[in-house]
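First chain written, first letter: the chains are A, B, C, D, E and F, and each begins at residue 1.
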């Protein structure tokens, strides 16, 4: 049931940006990915989520166990907080909308349309979606952008609860979430040395 | 899949969701053409089948970019792609929602606009039947075009350019049904051909559209 | 050594560099011969007068306009199945050439139609289907230009090319159906179909067809080489960016 | 020199003219794009080659 | 202001900027209508002026949402609103850029499409003149509509609905000029009226559009 | 030449969110606005920038002295870094594009299209725009989102230089920019107690 990444290379815009990335995450573990702007965190996470193919290496994870939260929250402005969550719960065939709202401190806003939320409130709603997917592995790209200190702490608590229930969490972030128990992986050393076009040896003329 | 259909319909009916706009555009075309062409009843009766079909087609066209672009922009499409629903299913449901929101109302309201354009009596039944048989193809072909252009900012015009040539056979057979129907001629053959196109498009294009979406998401 | 070796960009550049001068030479020879022969040394047709000379432009370009699309279809399929970049780039390179041939066929046809049919344009099935083909070319080129990432663009245009081909065939059939039994201008007659074409026109026509085929090959080779270089250029620039 | 084209001279001559113009246009476009890309590529290759040798 | 005009033109000509798409759409309408209506030359000649004007109008319409929406989405419009240029000037420049990118090419290429629709000989000159006189009004009225709908996501269809009724007088007079011109009748009066509409729209609508923009930005 | 805000009330979606906000900023001073998510920072800044009307109170600032930087950078993806800056410089009738690129460490990227920049580089370009407006008062909404630590320090230096030249800066942010000399204003206390519809006395029936 672990997430095992072995010797992975990922590419963006036709160029390999990271290579030789290997790590594994066991149930109950969190892994924080760090690295300067543009090193390839977003690219790595999208590859893990299956949205783009890997250039090399392997990702092994239980099927349909992974959910991804990017910078865009996937919220519909004209639906209320509750309707937004209900939709994702229905798509994943899971319940727990009320509980998710309670955990992310959204109960008071349940009937508010997403359009009328502030930046931070929107983010909280986006993160509450994770709770109604029923998926074990959370793959999060800068989840705390525009959250204030209290909300960051709230979110860290939610992550801890998920880990406690045997979940796994991967977070790419520039700031400190206060998740002291989490392992940290710096992606700097995996930066592809001489970036290579992704056609394999065959298309070497493009390099 | 049900949840997705319900959400799409709900979004269409909420404020700003665009329900009824296609219909209104259809109405406008039916009004503008006599204004441009002139009020002569005989001329209008002659061109009515063609203009009604072209109008329905354009009305359909203009709402196509809503099929995927909104979900792409707010990130929902990424999340749907990692959800348990296969992407082909997403395409099919979204094309269905599009048809329910535009094609179906167009079909139901077309006879009213037939009056504006002086469509001859026997044509009305054939107009409704041909639109009912043809508009699903417009939605599915449109969903394919929308999937191709989903990553492109304000790609509406490009989408039109790509989709319109694909609409040609549907348009020809559809208008032919009404034209023949209106003059009392045999209209079953083009109607069957129209239905054939719809069946083929519905069966095959969701796969092409899902492939295009996968390419655009990566 | 398998044929696919030639799909290697480096190998393609080497081979095409050697082939290209020959093709260009043959193109110039055959086009100049064919057109001069056709323009200066063919008799006037008893029915069409001197307009018959347009045949040497119209027929070869109309044929190549369709063949170019077929070539793009094949190249797109190869790209989708075997992922050879050269194949996708060749399809991209062929589109503007195909569009030009389509335009030439349309213009020469229209100029021919005015004296022969008394109209520049008629909604004849063949002409209509051809116009739709021109639209497909426009859409295909526009899609290549609108997408930033080259591989994404290659995939999307390949899918469009396949679906478009199906619909192009459908359209041709539909247009034929649509123009049946309707007002059909009786002056619409194609010389080639009415009576077997005279040898006096046949030989130069074959030379012209050969010339336009070679022109197409030469242009596509040149443009593919350019596309490969452009691809390499953007890869090098992107590397510079990352480094 | 030009053969007698009779009353269709305009149609025939403009056909040949239009064809020559359009063919010349693609050929010119092809050559121009080819030269431009080739030059840019040589520039970049030279620059990167130099960067490599200088360390 | 110059800088803004140059930027807008530059954006239109760069890849994906949409130059030429309006033209392509115009061409498509000119092809679709005969496919729907049927190939009879006499019928086509009769409806050609009206259809050409409706086509030009729709081609213009479809590119309207680019006028402000892109700048709104990426935040440029907020920044332009706080810049030293008055918002009225911004609207005027953007409408001008839109005309240069769509209206002008449409005017220049219209005669070619006239051939497809079998427009009678004397009509060509009047077609070009009427489009030259009328399309600036289409761009300015469209800029006003675009300003009204700028905050709305994918508001293209709503924009069409708002703008089309405003286009009616332009369409009527424009098509009338061509119709009269094609039949050799006196066409100067509708042409003057058309020019009057354009002059009025250009003089007044930028202010209304700027007011609408101010409301939408807050 | 000061920016003086007196007893200001601002509204969003028809509801007053902040009221009684008063402060003043003198040339050479910076003011950092803090407050939890949804308190009304963005609303306040947009009101100051003149993009929406104030409900009550007054803002006095020299005319055309203010420039606003929101989350959206106003960049055109198909224009290069230099072209983007040149446009804004031309709009404001000011020069200094080269200098602005140098200050925000963009000189190497000058010929790169904005579409090909990473998130952090885009943000730097958006902030460089401030330098070519020639305006004295900068109003910034979360300017350091997605910048890494090095870039945040670079930006703090630019702000300091602007202050040194007699400029004024207002920043809404959740994180610490290292601008120790800046005054801090917590907006929490100004939260409108019983949110009031904004029609003024005339529409009191709607409150």
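Note that a contact is a pair of C-beta atoms (placed from the backbone, for glycine too) under 8 Å apart; a residue touches a chain by one contact, two chains touch by 3 or more.
Values in this document were obtained by computation on a predicted structure and should not be read as measured data.
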Exercise for the section: Farthest from chain C by Cα centre, which chain is it? Let me know. Expected result: F
Completion exercise
The chain whose C-alpha centroid lies farthest from that of chain B is chain F
Fill in the blank from the handout: Two copies, chain A and chain F, superposed on Cα atoms differ by a rotation in degrees, nearest 5, of 175
Exercise for the section: State the pair of chains with the top count of C-beta pairs in contact. Expected result: B-E
Practice task
Round to the nearest whole Å and give the separation of the Cα centres of chain B and chain D.
Solution key: 42
Exercise for the section: Report the inter-chain centroid distance for chain B and chain F in whole angstrom, where each centroid is the mean of the CA atoms. Expected result: 45
Exercise for the section: Go ahead and note the Å separation of the Cα centroids belonging to chain A and chain B. Expected result: 37
Fill in the blank from the handout: Listed in rising order, chain E residues that touch 2 or more other chains are 15-16, 21, 24, 28, 35, 38, 153
Practice task
For chain C, jot down the residues that touch at least 2 other chains.
Solution key: 132, 135, 138-139, 142, 146, 148, 175, 178, 232, 238-239
Problem - Touching two or more other chains - residues of chain A - result: 13, 77
Handout entry: Complex contact set, residues of chain C against chain B
Key = 132, 135-136, 138-139, 142-143, 146-147, 152, 155-156, 159-160, 162-164, 167-168, 170-171, 173-175, 177-178
Practice task
Could you pull out which chain E residues touch chain F in their complex?
Solution key: 2-4, 7, 10-11, 14-17, 71, 73-76, 78-85, 217-218
Problem - chain C partner contacts - residues on chain A that touch it in the complex - result: 13-15, 17, 192, 194-195, 197, 199, 202-207
Handout entry: Residues of chain E defined as touching chain B within the complex
Key = 16, 18, 21-22, 24-25, 28-29, 32-33, 35-38, 43, 46-47, 49-51, 53-54, 57-58, 62-63, 65-66, 69-70, 152-158, 160-161, 164-165, 167-168, 171-172, 175, 179
Handout entry: Of chain F, residues touching chain E in the complex
Key = 46, 49-53, 64, 66-68, 70-76, 78-79, 83, 86-88, 90-93, 129, 133
